[in-house]
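In the two complexes below, chain A is the common chain; its partner is chain B in one and chain C in the other.
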Partner chain A sequence: MVNLIQQLINGIVLGHAYALVAIGWTLLLGVARLVNFGHGQMYMLGAFISWWAVSDLGLPYWAAVPLAMAAGALFGLAMQRIMLRATFEQNLVSIMIMTLGFGYVLQGVAALVFGSTGQILDTPLSQRDIEIGDLWLTWQDAAIVVAAIVVFAALKWVLDGTRIGRLVRMVAEDPKLAQLAGIDVRRVYYGVFAFEGAAVAFAAGMIAPRTPILTSMGFEEVIMTFVVVVFGGIGSIAGSYVAGVGLGIFAALFGALVSPAYTSAAAFLVLIAVLVLRPGGLSAGAAKGVH
Partner chain B sequence: MANFSWRRASLPVLAVLCLYAPAWLGGSASVYSAAVLIAILAVMSYGLDVIVSDLGEVSLGHTVFFAVGAYATALLSTRAGMGSWATLGASIVLALVFATVIGFVTLRLREFVFSLVTYAVSVVAVTLAANWDFLGGSDGVRGVPSLDLSLPGLALTARSDQELWPYAFALLVITIYLVDRFRHSRLGAAAMMVHLNPRLATITGIDPARVRLQVFLFSAPISAAAGWLYAYQRAYVSADILEAYFLILMLTAVVLVGRRQLLGPLVTVALVLTQEKFFSLGGYVDKIVLGSVLVLVLAFFPQGLAGLARLPSRPSRARASRPPAATTLENLK
Partner chain C sequence: MSAAPDTIAPVLHARGLQATYAGNRAVEVESLAVAPGEIVGVVGANGAGKSTLVNALAGWSRGAPSVSGEVSLDGRRVDAWPTHQRVRAGLLLVPEGRLAFARMSVEENLTAAFAPQSGRGRRIYTRDEIYALFPRLHERRGHLGSQLSGGERQMLGIGRALMMGPRVLMLDEPSIGLAPMLVAQVLETMRTLAQAGLSILLVEQNVRAALEVVDRLVLLERGRVVLDGPAGQVGADPRIAQAYLGANA
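Presenting the complex of A and B:
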């Protein structure tokens, strides 16, 4: 029983981690109807920059994460600059392949700069545990849960309740009409991609202390992001949050009861099942845009 | 196209020139090794080429078919003592089985959802290959014997890359012939129509789902056959056959010269492998070069380098720069 509750706690932490990693994709797909297959490698870059800032620059952890976010945002902007034409044409085929290419380049650059050995990012929070009876989690885990809730709530508030959110939703609804209405669509696209880069770097800075950091990582993160985005209903902020937490609990229980090595494979089988059972639901979700 | 038949007539000449190219380039072991690898990886890329260029979908799971061929060959030849013809047959049959399953599951999926699922298939395949002891786990499968295609009364074996080259080249020529036949077949025409105008295709009585599945079944054994020969060349197979490298190389091969350019994938693979084998800047920089080429071509020459040559003859630059596979989420239904 204690073990089950412990796994549930692990699952909730893991779920908030998945949701946090996926938030950039959710907005990207919901607003700009863009995809980013380099997402996993951007996560890897964010983790390495956080580690590098702490261990080589000697920055405190709370300053290292914003640095990684700035780098992520800059990279996102550069990607969007190069893909601008394909973005306006909504040429998803090209964008998919280009983002895969960006991911591959990032992997090469990271291996060149940071080397191929694994690294550990220790933070002031990750070394202190919270213990309640026989149950435990680290303060870093608690911080991940809080950060995910804050980011999701903030994003929901910005999209639903502010002028920027209204502009973004207009672009999501109909980019051409939005342009006619005098909205600088290009700036919205740039903004969305910068947010994607910063968000995934933030997630990496928060979550990477849980595992060793390797230049080859990112694949599992990207698969889990796919599952969260598809499950949550494409572009839905609240849906992604629920899907992320659900997936985390599933992954924790599956890892504990069946096999940790095949967790992402199992998550993917669930994804397949959903896609086969409701193939039409996805495009319908995309058409509705952000909500 | 006036020069079309002329171009086709020159193909046999080009083929003979290619066959003797490694010998003229000095005939050293490294030249033959590169030539064999170019042929194998070009064949692998042609499998994806028909999906991207003709069907207009991006399968990110074709490395799985390549790996299916390689693993089937390695396992059956080392554990069951099967000969090279039998492993070729098994590779093709297994690829068809996998393609049927993946094809059925993804039948109604389009565009990025299709790509996402095929990508997930390849990521799961890496997990399986690296963890499942039956597939050799992280050690892989070692000790694949050399290629032996001997027929009764005719010895056909290849123990070195130099001896392997004629077989690799034959596989390449057969593949290019098949892709060319496919593009002039009813299925090829149907695929293009499903790709460019799904509504018209349905009105004409074409079943898009059926066409997609058939093209998938045509393409998978091609990549698997490349994996079959790759297992014999390397003599061992491990999970690194599913690395992103092969996917990125395939995609570059499909887009660099231009979609539906018969020799495009071969030319691209030859260029990339020549750079990596003879002008390497170190593994990591080579990665950056390959990835950058892929991104920059799509961003600035969406029609491929062949589109560059055709540019001045087109009336409008804006038209010419439109990629042929441009599709949007709006025309999903």
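Presenting the complex of A and C:
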């Protein structure tokens, strides 16, 4: 019983981590109808910049994460600059190949700069535990859960309740009509890509302390993020949160009760089943656009 | 070519305007001008290039034409400007087709995306004024764009444009989807707006309805202006009378 509750706690933490990693891509997909297969490598970059800022620059963790976010936002802007034409033409095949390419270039450059050894990003929170009876998690884990909830709630509020959010929703729904409403669609696309870069770097700064960081870890991240984004219903903010947390709990329980080796395979089986039954994902019926 | 009064500087003036789709010339207009407070009707058969023409003036399209030529708004060249910048300067297009943001309420659809600048000849309508103009939109204000009828979407599109302080209003087939009563009402509204100084370029397939309100009529055939003159005169031209009024009667 204790083991089960412990697995549930692990699953909740893991799930919020999945959701936090996926939020940038969710917005990207919802607003600009873009996929970013370089997402996982951008996560890796965020983790390494955080680690480098702490270990080499001697910055405190609290300053290292914003630095990684700034780098992520700049990288996102540069990517969008290069892909702008394809974005406007909604040339998804080109975008898939280009983002995949960006990812591999990023991975190669990171391997050259940071080497192939695994690194540990220690934070003031990751070394302190919360123990309740036999149950256990770190303060970093608790911070991930809180951060994911805050970021999701904030994004939802910005989209639904602010002027900027309204402009973003207009572009998401019909970029051409948005132009005729006087919106500079290009700036919205840039903004969304900068958010994607900053958000994934933030997620990396928060989550990477849980495991050793490697320059090759991007692929696993991009796959799990893709599952969350599709599960949640393309571009749905609330759907991504539910999908992320659900996937985390599923992975933790499946890993503990069946076998951790088959967790990814099982997750994909469930994904395929859900997509057959509800083609729009969890938020079917309201799957298009950002919510 | 242009019949705009020579003494009054046109609000909108296009010169040597060309639009091509994959090498096929869809529009080739040597000169087209709209004077202050003037309503110019653009008529022609399907595929004559009417929509392509107004889209090119707005620097906008759902397709990907390549457009060249000069477009001036109040004497300022705007042809190098992106769409949103022309919109902000008051060159407004109510296109044919999708006019409403489907997942937004009417109220939200009628919320300006930017703060329009009031200027020479630009009147910025408030949402309440739009509701007064189209009471139907007020009744439907809580409904989503996707729940509106074709006519309601037309009203929404015109309303949104008026709220952005138009200097020139370009309407692409506003009578599509509207009941005859409402067509008359919309065209009547156009008249009132023009009397208040707004310049209007009206693309219409319904030549008979267009002739009721326009000051000047331009006939497009295969992308070229073949007739351009005062409504009464052009309306009596056999090319119009036979091909368009006859067919519509």
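Keep in mind that, in the parts below, the second predicted complex is superposed on the first by the 279 of 291 C-alpha atoms of A that agree within 3 Å, B and C clash if a C-alpha of one lies under 4 Å from a C-alpha of the other, contacts with A are read in each partner's own complex, and residues count from 1 in each chain.
Note that contacts are C-beta pairs under 8 Å (C-beta built on N, C-alpha and C of every residue); 3 or more make two chains touch, one makes a residue touch a chain.
Because the structure is a prediction, the values reported are computed rather than measured.
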| item | value |
| --- | --- |
| Partner chain(s) touched by A:R166 [first = chain B, second = chain C, both, neither] | second |
| Partner chain(s) touched by A:S264 [first = chain B, second = chain C, both, neither] | first |
| First, second, both or neither for A:V146, with chain B first and chain C second | neither |
| First, second, both or neither for A:F226, with chain B first and chain C second | first |
| First, second, both or neither for A:L177, with chain B first and chain C second | second |
| Chain C versus chain B, contacts on chain A by residue | B |
| Which of chain B and chain C A:Q90 touches, first, second, both or neither | first |
| Partner chain in contact with A:A111 - chain B first, chain C second, else both or neither | first |
| Touching both chain B and chain C, residues of chain A | 89 |
| In the complex with chain B, residue positions of chain A that touch it | 33, 35, 37, 82-83, 85-86, 89-94, 96-98, 100-105, 107-109, 111-112, 219-220, 222-223, 226, 230, 261-262, 264-265, 268, 271-272, 275-276, 279-280, 282-283, 286-287 |
| Chain C contact footprint on chain A (complex, rising order) | 89, 166-167, 169-170, 173-174, 176-186, 288-289 |
| Residues of chain C defined as touching chain A within the complex | 58, 60, 62, 64, 82-85, 87-88, 92-95, 98-99, 101-104, 108, 111-114, 116, 160, 164 |
| Chain B residues within the chain A interface of the complex | 52, 56-58, 60, 105, 108-113, 115-117, 119-121, 123-124, 126-128, 131, 244, 247-248, 251, 255, 284-288, 290-292, 294-296, 298-299, 302, 322-323, 325-330, 332-333 |
